[in-house]
Amino acid sequence: MKRYRANLIASVAVVLVLAACGGTTSSGQGSNLKQSIGAGEGALNLVAWVGYVESGKTDPKVDWVTPFTNQTGCKINVKFADTSDEMVTLMRQGGGTQWDGVSASGDATNRLIAHGDVAEVNTNLIPDFKDVIQSLQSPRHNTINGHHYGVPYMYGPNVLMYNTDVVKPAPTSWAPTWDANSPYKGKVAAYDSPIFVADAALYLKAHNKSLGITDVYELTSKQLDAAIALLKVQAPLIKKYWAATTDETDPFSSGDMVIGTAWPYQVSFLKSEKKPVAAVVPSEGATGWADTWMISSHAQHPNCMYQWMKWTETPAVQDQVAEFYGATPSNAKACDILRKNIGDSADSDYHCGDNTFLKNIALWKTPLQECGDSRGATCTDYTIWQQKWQEVRGTK
Amino acid sequence: MAETLTRTGERLAAPPPSAVRRLRHAIGRVLYRIPAARLALLLGPILLWMVVIYLGSLGLLFVTSFWRQDSVTGAIVQNWGLTNYQFLVQEGVYRTIAIRTVGIALAVTVTDIVLAIPIAYYAARIASPRVRTLLLLSIVLPLWSSYLVRVYAWRTILSGDGVLNWSLHHVHLGSVNLGFSRWSLWIVFSYLWLPYVTLPVYAALERIPNSLIEASTDLGARWRTTFRRVILPIAFPGIVAGSIFAFSLTLGDYIAPDLVGDTEFIGNVIYQNVGIANNIPFAAAYAIVPALVMGVYLLIARQLKAFEAL
Amino acid sequence: MSRDRAIEPRSVQLGMAVVTGLVLLFLYVPLLVIMLYAFNPARSQAWPLPGLSTRWFTATWNNADVRTALLTSLKAGVGATTIALILGSLAAFAVHRFRFFGRETVSFILILPLALPGIVTGMALNSTINLGGELIGLSFSLWTIIIGHATFCVVVVYNNVIARLRRTATSLVEASSDLGADGIQTFRYVILPNIGTALMAGGLLAFALSFDEIIVTNFTSGSEITLPKWIFNNLRLPNQRPVVNVVASILLLASLIPVYIAQRLTQESGGLVSGRGAVVPANEDAVEQAAAP
């Protein structure tokens, strides 16, 4: 009970801090808003999702880092992180000075903003920002009271990937990954992060209406317990909980895994390896992510970071990333290039520029105690999700 | 004072000692008269190092386990309390994980001892000196290749389309589903620590004089009995010494379970809490568990005279 | 200790030989797999290999990150080994020559960093470095790596030196003083030659321990990349994995020489490499043989 009270106070504090961010920002950066981009510092330390910062090492033709370095002189040193939690921890190392920028998803952004780890971004310095699609111009996960804390990069759903040789007929529901009697028992994939609880909630939202789940990140304890119970039922089905992408692509390649949640990156990769995989967004919908490039409040190379944010917002680069990774660009102009390069797939697979599709993805966000609706402060916050997730992982 | 004799037999005196030399002699005299000074000079640096850097760090870790992590900002607050420990005791999952880890550590240790004894015995008592050198070399060499790469090699060997299944397929033995399981973890750990266990066992077996074995045979014992009643008891401290490393290395490993396993062990949980959740106080509290287990193991090993065999 | 012929019955000899062969096979199959995969033309990890190619060797050669990581590891290894040699031999002299309160505890404390699980040591050092960061502005760097490595490398040198000291007659030191040598001369001309090979063996083993260390280094390195850390980061990137295989194969072959040297050095002294690099004192017979010229 003490924990709940402490969490209640803490959550209210978060809300107040976020609300107060309008006047004086939590990091006091409002008055220090960068007014111009100076000379590059020659180096840039980034934390990113695998596949977001390609320098030709994977495929010599896939490289949007070398042109950037040639143009700005900023040599990039990137650390690939597997989960949002890891990204948050990395951004706080060395008092926030170790990494200049991060491609944060919605379940990391608000934590970083509240803790003062990231600085407000002057979007006037990013010329392509005005072409970003409507719903990502000022989303709640990176904009507080009109103050932007990053520039949007890519977004996409967590798709259901499956082995077309083994999984027949093609699945239309997440059921094969949740059903205790699944024919693919022991060969299912799941994401190794507490945020995966939302996927369980998503399934329950469609199949157990009595629980009354509306937002999969705003779960009361009863709803959370139901989701955890479902995850524990799923545990014996799972071959391995993946965090590193190779922990999913390796078993899919070798046939040890045949179905499960994946990022478009894994789908693209396995297809490039000529493996029989396909992906689908099932009927229950999907969780997903919209990633934002954020700059550390204590960045050692702020000019290079701004240069990078400018660079990655351009349609050409966004198109390159989209085609390699499989994610959807935030810049609407990139959709034109995408359509030109891959044709109808840009709309049918990528749903490029489709605001409705984006709204239907349950984008990752940090669960807070404050439900944000009539239920008040009765929801479970992320620390509880983390504890419960440990229970799930410990049972296997 | 050194003296030299010239050809005509005159004694020549050596030049008087330089200032540096006199200083050295003065220091030497002091050190000679005060043994404690010599001891302090010799022991001081290392003791200072170990106490400040190592024991101090362990102490700090212990202290950190009583603090808390702020649930909103994630910062460490120095709110003293037993919350972390209470949580560890209350939540059954941490007990499950701890028992599971100790279980596999024991399994790996026993496996390694069973595998080590024949090869150590052969090298120590049966092989010719040249073969012995070669054998010892071959046992030690794997340790010089990268630990990570060896784990990854097993990951590919044990995967669905890896060497193991390919070989089984070729001898028409079907296939196994060992990838990412407790079995693969057991195999990998046993593989990794085998050289560490073999060497102390080798040393212990090598030390047994032939005369004892001959005496045992003279008394009418078959080799099997001699092994059980004479050889094993004498080699026991060495076996325990070797087991220390197999047990300790398995207990705290956080990399192999992630690469070839599918479940959580103490190491994983601690590492995730440090590197991902940044809940260092809780990780510190959980880290006390393997430290305690190992402490008990070491005390038992010391009683069994394993330290003399190290 | 050499033996003219084994006294075990033939069936036992044969049985032991067979099991030995199987265990050796167990030890070496993964190493062979690694070396084979270094010649894998594709980047996938499937078996059997589609062919043989040296393309990854070229890729490794051109990879600047590998060279940087290798250099960092070498620097850390040399630094840690130097500190371990100095502190380890000093400790060995102290424990060997003097009887003082807490003598047995010294060896216990020295072996703790190796005997306690690496994650405990790593976390402990990490906390201290963070605290040092707050108090005196200490930051993660090559030096924190070296300090971490030295802490558990000391015992390796200590064990080697003290085993050798136990076999060196103390009368030699007295004789040297009788002949008029002061402390430093005695050390230089009498003691050092005697423990020289033990120091080399201990140093080699300490270096090997530091060079391949990842468990503790993850906690003490910050943004410095040692070779094991580079391997750790790159094993999860499908296009870098083959490069890692090449690096590992080269390391394995390159280490044949140091291993052989370390083996010869410790065998000459009558002891051998054991434990995590500790030296086991030879049995009583060998001690008497060594003492008598």
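As written, the chains take the letters A, B and C, and residue 1 is the first residue of each chain.
Just so we're on the same page, a contact is a pair of C-beta atoms (placed from the backbone, for glycine too) under 8 Å apart; a residue touches a chain by one contact, two chains touch by 3 or more.
Please read all numbers here as calculations on a predicted model, not as lab measurements.
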Label of the chain whose CA centroid is most distant from the centroid of subunit B: A
Selected pair, greater C-beta contact count between A-B and A-C: A-B
Whole-Å gap separating subunit B and subunit C, where each centre is the average of the chain's CA atoms: 12
For subunit A paired with subunit C, centre-to-centre distance based on mean C-alpha positions, whole Å: 42
Computed distance of Cα centres, subunit B from subunit A, in Å: 41
Residues within subunit C bordering two or more other chains: 45-46, 235, 241
Residues of subunit A touching at least two other chains: 250, 253-254
Interface hub residues of subunit B, defined as touching at least two other chains: 159, 161-162, 275
Sites on subunit A touched by subunit B in the complex: 6-7, 10-11, 13-14, 83, 85-86, 88-89, 92, 111, 114-115, 186, 238-241, 250-251, 253-256, 381, 383, 386-387, 390-391, 393-396
In the complex with subunit A, residue positions of subunit C that touch it: 44-46, 133, 139-140, 222-223, 233, 235-241
Complex interface listing, subunit A residues touching subunit C: 45, 50, 57-59, 79-80, 93-95, 98, 244-247, 249-250, 253-254, 269, 273
In the complex, subunit B residues that touch subunit A: 70-75, 91, 93-94, 96-97, 155, 159-162, 177, 179-180, 262-264, 269, 275-278
Complex contacts: residues of subunit B adjacent to subunit C: 1-2, 24-25, 27-28, 31, 35, 38-39, 41-43, 45-47, 49-50, 53-58, 60-61, 64, 115, 118-119, 121-123, 125-126, 129, 133, 135-150, 152-154, 156-157, 159, 161-163, 166, 191, 194-196, 199-200, 202-203, 206-207, 209-210, 213-214, 217, 223, 241-242, 244-245, 248-249, 251-255, 259, 266-267, 270-271, 274-275, 280, 283-284, 287, 290-291, 294-295, 298, 302, 307, 309-310
